[in-house]
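Given below, in the form of structure tokens, are the structures.
In what comes next, chain A is part of two complexes: it sits with chain B in the first one and with chain C in the second one.
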Partner chain A sequence: MSEERQVRILYVAGALGFMAFSLGPILYMALTAASRRPDFLSQASGWEFTLAHFAAVVGTPSLHFLDNLRNSIVVSGCASALCVAVAAPAAYAIARLELPGKALILLCVLAVSMFPPVSLVSYLFKVMAALGWINTYRALVLPYTAWILPLSLWILTGYFAQVPVDLDRAALVDGCSGLGVLRKVVIPVAAPGIFSTALLAFIFAFNEFLFALMLTTDHAARTVPVGIALFEGLHGEIPWGIVMAAATLTTVPVVFLTLVFQRRIVQGLTRGAIKG
Partner chain B sequence: MRWHPISFPARLAMAGALSPFIVALQFYIVRFLGASFEVTAWVLLVLNLGSVWLVARRWKDLRFSAGELTAFAIVFLFLAACVLIPWAIPAAVSGKVFQLIYNYNYGLANYLMNAMGVVDRPVNWLGTSAGAFLSLVMADAWKTTPFVAIILLAGLSGIPGHLYLQAQIDRAGFLRRFTRITLPLLSTVLLIALLFRTIDALRVFDLMFVLTGGGPGGSTTSLSLYGYNYFLGGDFGYGSAVSVVLFLIALGLSLLYIRAGRFARELS
Partner chain C sequence: MKLSFSGVSRTFHSGRGQVRALRDVDLVVGEGELFVLLGPSGCGKSTVLNLAAGLVKPTSGEIRFGDRVVASRDRKVFVPPPERNVAMVFQSYALYPHLDVFENIAFPLRVAGSKKPEIDQVVTDAARTLGIGDLLRVRPAELSGGQRQRVAIARAIVRKPALFLLDEPLSNLDAGLRASTRVELKRLQRALGITTLYVTHDQTEAMSLGDRIALLRDGRIVQTGTPRDLYERPESPFAASFIGQAPMNLLNVSVLEEGGELRLRLGGKELPLPPDQARNVRSLGTGTVLLGIRPEDVRVGTGSSVNRVAGTVSAVESTGREELVHVLAGGSTITVFSKGASFREGDAVTIDIPMEAAHFFGKGGGER
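So, the complex of A and B:
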């Protein structure tokens, strides 16, 4: 069994190496944010703790970090809710009804989700400009919903297909209407799946960059990723401490969600990417 | 209406400006290699992690019922969950973090290389085209490895355990079990991960926009960024032509992906 022991040590070492690789940059970000100087690695004085950068990010109105964060949360929340509201009935229909060309519909949906966003963004800009929606929440919520919908539909169809048809039949026999079955039986049973879908949709919308870059102009609708990317100091150089503090504050809620709902995220992603 | 869809092929043919395309396509071929390199390079680590994760989960379930979940197991599972973090944070944020990591004077990359004695003077990561390319590949690998890991984990959990047991009875060593059982049975999932990541790499925009801005000298400009620059300059016709080419490549790869994943069979 000595080889088994070696293999096990190899596994643990590999896993620990992988974790260090994954967490290293995150730790570096947090350390820089809480350091008096960004160049603490090459300084003799070493790392000195300070919360000044966090205070600056939250306390300086001209940085608009809190505005951006609010925009991000509102836009992602709306897009995620809208996405699930549209995708759930559609996925239920695809999972239950005997539609001709059902497979084709789902495959087209899958192909659309591979679409490069840059192909759309200029026309989207023209449409939004014509509607006068540039720099509003609407201009982001609608494209995000359309963009995340294919994946949501795909994931939800998988979840609904797992709900036994007998449950539907029993409810129908007991005098439930078609919509009633969906609302009172299928959705409660598939609630964990719907929740993972909403969570994934939220994370995707929160992280989106290109649409937000093109369709917003200032803090009235600009989201956090764009805000951080366009951060610049007064004199043109990058204020690393403040940028990293903003990055850390942005990462905290996402990391929290990820750690708490890790299993749901993994389930949802697995369903979206491969079947069986 | 120069931007009307009908005019793309005409403009594309007329422009006689195919050469920038070919350059962009060449970059993309290299970038494909980057994506495949990234996947292959991390496969081994991911396999390790995956096995440990599976072992740990089974172990946890066993012990948990007996109320004996050890502190070590809790810490380990927590760390395993942390591996998802790079995937979950915005690419623009990771781009900024990596910009600092690759900083010439005081970045983490140069500090580590210097501390390990690999180089005797700082590496100019973002200032040279080779360095910028490598930096992008590393940053993208960091960001997307969790996703590949999840896909491979799903594939790993689909391999029946009795195969390993039989192999062990037949006294097949670790390496033999890996090359004769794990790799062959995982090949479809590996192909799916590779295709998915390639399609994803094609669409990369935010990481390049933040980390290198397409530079130095346009050496790391992706097709997305290339098209975007034309849109920004107001040339919607040319920008759209770039987008259409990008879309056609993505579509071709998507069809391959759908074939490899045997999605149609699953649906029927």
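So, the complex of A and C:
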């Protein structure tokens, strides 16, 4: 067997293995959600298609699944938008201005993001309780923004640094003010990076569990991850079919967002700006 | 508009300390003139351009557009780039990748708030002038290097700038395109009559384009003049070796005086000097001087006479039309352009150095 062929086979096998590893649980989730009985892998039961669990998740008012989903989308959307709105100008400043101690700023930001959330959550609860914000969107949006901001700043700084400085200079000479350069040139050119940062921030906020568990009390602000975890069956047993159906439905907004933005994210960052 | 620099210096601070990019530069570019800044990389020529555009502030000195001071630290004046009405073509072209060709060219007009019909008219005209009228809806990524370069020039001319700044605009083009674009650029500059500052490290480009040239080295202007001045009257060995198709030969020669007559010792021969050259050499003092002679002025052959220096061919480079012959004579290598006769390595030859075409420099690298 030629070496080229071996490499090819290893490459394909590796890719397939990785895909099975990543997608296996998701497939299992979807199959369980659509199965009449959750233990469909055991010989006694077998797999039988049904949409009953999905209907139950959406149709049972006491589960508040749709409320939770709406809360999740609103909270994650706001946190993501706020994150990018704050991180973009900051990243531009770090990437372009002659700031003393740029590296120190970035390192401090990184260090702050290293605090484990569990060490913060009790104080956060006290603060939110004192403000009377428990069980509101604000109580989640602000901590999420603070928590995701360091990552956004790092990613965006990387993207802005890739925008050729000559573009800034050209825009300045062409008559733009400093803010005009950011608005008319740097942000549009770095748009793919901004979209992927926003998407990442959204997913981070969307998946967050601990803060959401502690800072919300009911469906007025509770998000999907907490909502699903608190699903309970009639006699205390875990309703696997409904849990899996809810989880499957929860992936829909994220997959949808990724597909919508994919084209923008994939398209080359600065293709054609400069020679080559 | 006239552009003038007086006593302009610029120091950059980097991690490794201070870098004096420009030292005490005086420069006047006349109305409508095409002025070339020539020099090796790192000589500060791009800093001059950035200072004129306002992208960099001078550490000291004064820059004027006509009579208006645009940058002076002493007077606390600094006009930022958007208010200078200059246009710049970057070496990298710096086209906006998210905009198509039309919008790239229209960008300065949109920023200035021009009306739509006017923008359409001006952009279409500029695109037609530069032969890119059929590419208006294409993104920069889909253009070739030459087309991108045209877009960059079109973007620069639409605003009718007071000053046109070009930073090595041809260096990313292949040789053929570079030659034709050079001619076009000169014609365009003449037609528009815009004062132009052009930066290059390529002496051919500088010689063929410039009305006048300033030669820079280590942040200083070493010589300013017309291309002919720089070629015929180099004021330093650096200027002598930088200008010319092949670098000028620079030879250490001893000066001998015999009965009031000066002779040069080179390769075992004593060569007489014509009276006016003798005056030049005498002003440098006796001892050793640097003799500069262009490869195109030296003649190589096989005949022998009193004034011919014997040597051996050490290498031959063909340029097609003629050959550049490297001759080892009297301990130094002398390059010679030779037409017709063909030489091979190891050939014994003699060379004739016509003293009337020679340039003399003092050993300290001073004036001749």
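FYI, the second predicted complex is superposed on the first by the 242 of 276 C-alpha atoms of A that agree within 3 Å, B and C clash if a C-alpha of one lies under 4 Å from a C-alpha of the other, contacts with A are read in each partner's own complex, and residues count from 1 in each chain.
As a working rule, contacts are C-beta pairs under 8 Å (C-beta built on N, C-alpha and C of every residue); 3 or more make two chains touch, one makes a residue touch a chain.
The shown structure was predicted, so the numbers you read here are calculated from the model rather than taken from an experiment.
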Message = Is A:46 touching anything from chain B or chain C once the two structures are fitted on A? First, second, both or neither.
response = neither
Request  = Would you check which partner chain A:207 touches, where first means chain B only, second means chain C only, and both and neither mean what they say?
outcome  = first
Task = Report for A:22: first if it touches chain B alone, second if chain C alone, otherwise both or neither.
result = first
Partner chain in contact with A:180 - chain B first, chain C second, else both or neither = second
Message = Quick check for you: in the superposed arrangement, does A:164 touch first (chain B), second (chain C), both or neither?
response = second
Request  = Please work out whether A:253 is in contact with chain B alone, chain C alone, both, or neither, and reply first, second, both or neither.
outcome  = neither
Remark   = Partner touching more residues of chain A, chain B vs chain C, is chain B
Request  = Identify the overlap between the chain B-contacting and the chain C-contacting residues of chain A.
outcome  = 270, 273-275
Inquiry  = Could you list, by residue number, the parts of chain A that touch chain C in their complex?
reply    = 164, 166-167, 169-177, 180, 184-185, 188-189, 191, 268, 270-275
Chain B contact footprint on chain A (complex, rising order) = 3, 6-7, 10-19, 21-26, 28-29, 32, 38-43, 102-103, 106-107, 110-111, 114-123, 125-126, 203, 206-207, 209-210, 213, 224-226, 228-229, 231, 238, 240, 243-244, 247, 250-251, 254-255, 257-259, 262, 265-266, 269-270, 273-276
Message = Applying the document's contact rule, which stretches of chain B touch chain A when the two form their complex?
response = 3, 44-46, 48-49, 51-53, 55, 78-86, 88-101, 105-108, 111, 142, 145-147, 150-151, 153-155, 158, 173-174, 189, 192, 196, 199, 202-203, 205-206, 209-210, 223-224, 227-228, 231, 236, 239-240, 243-244, 246-247, 250-251, 253-255, 257-258, 261-264, 266-268
Remark   = The answer for chain C against chain A in the complex is residues 53-55, 80-82, 84, 86-88, 90, 92-98, 107-108, 111-112, 139-143, 145, 148, 155, 159, 165, 172
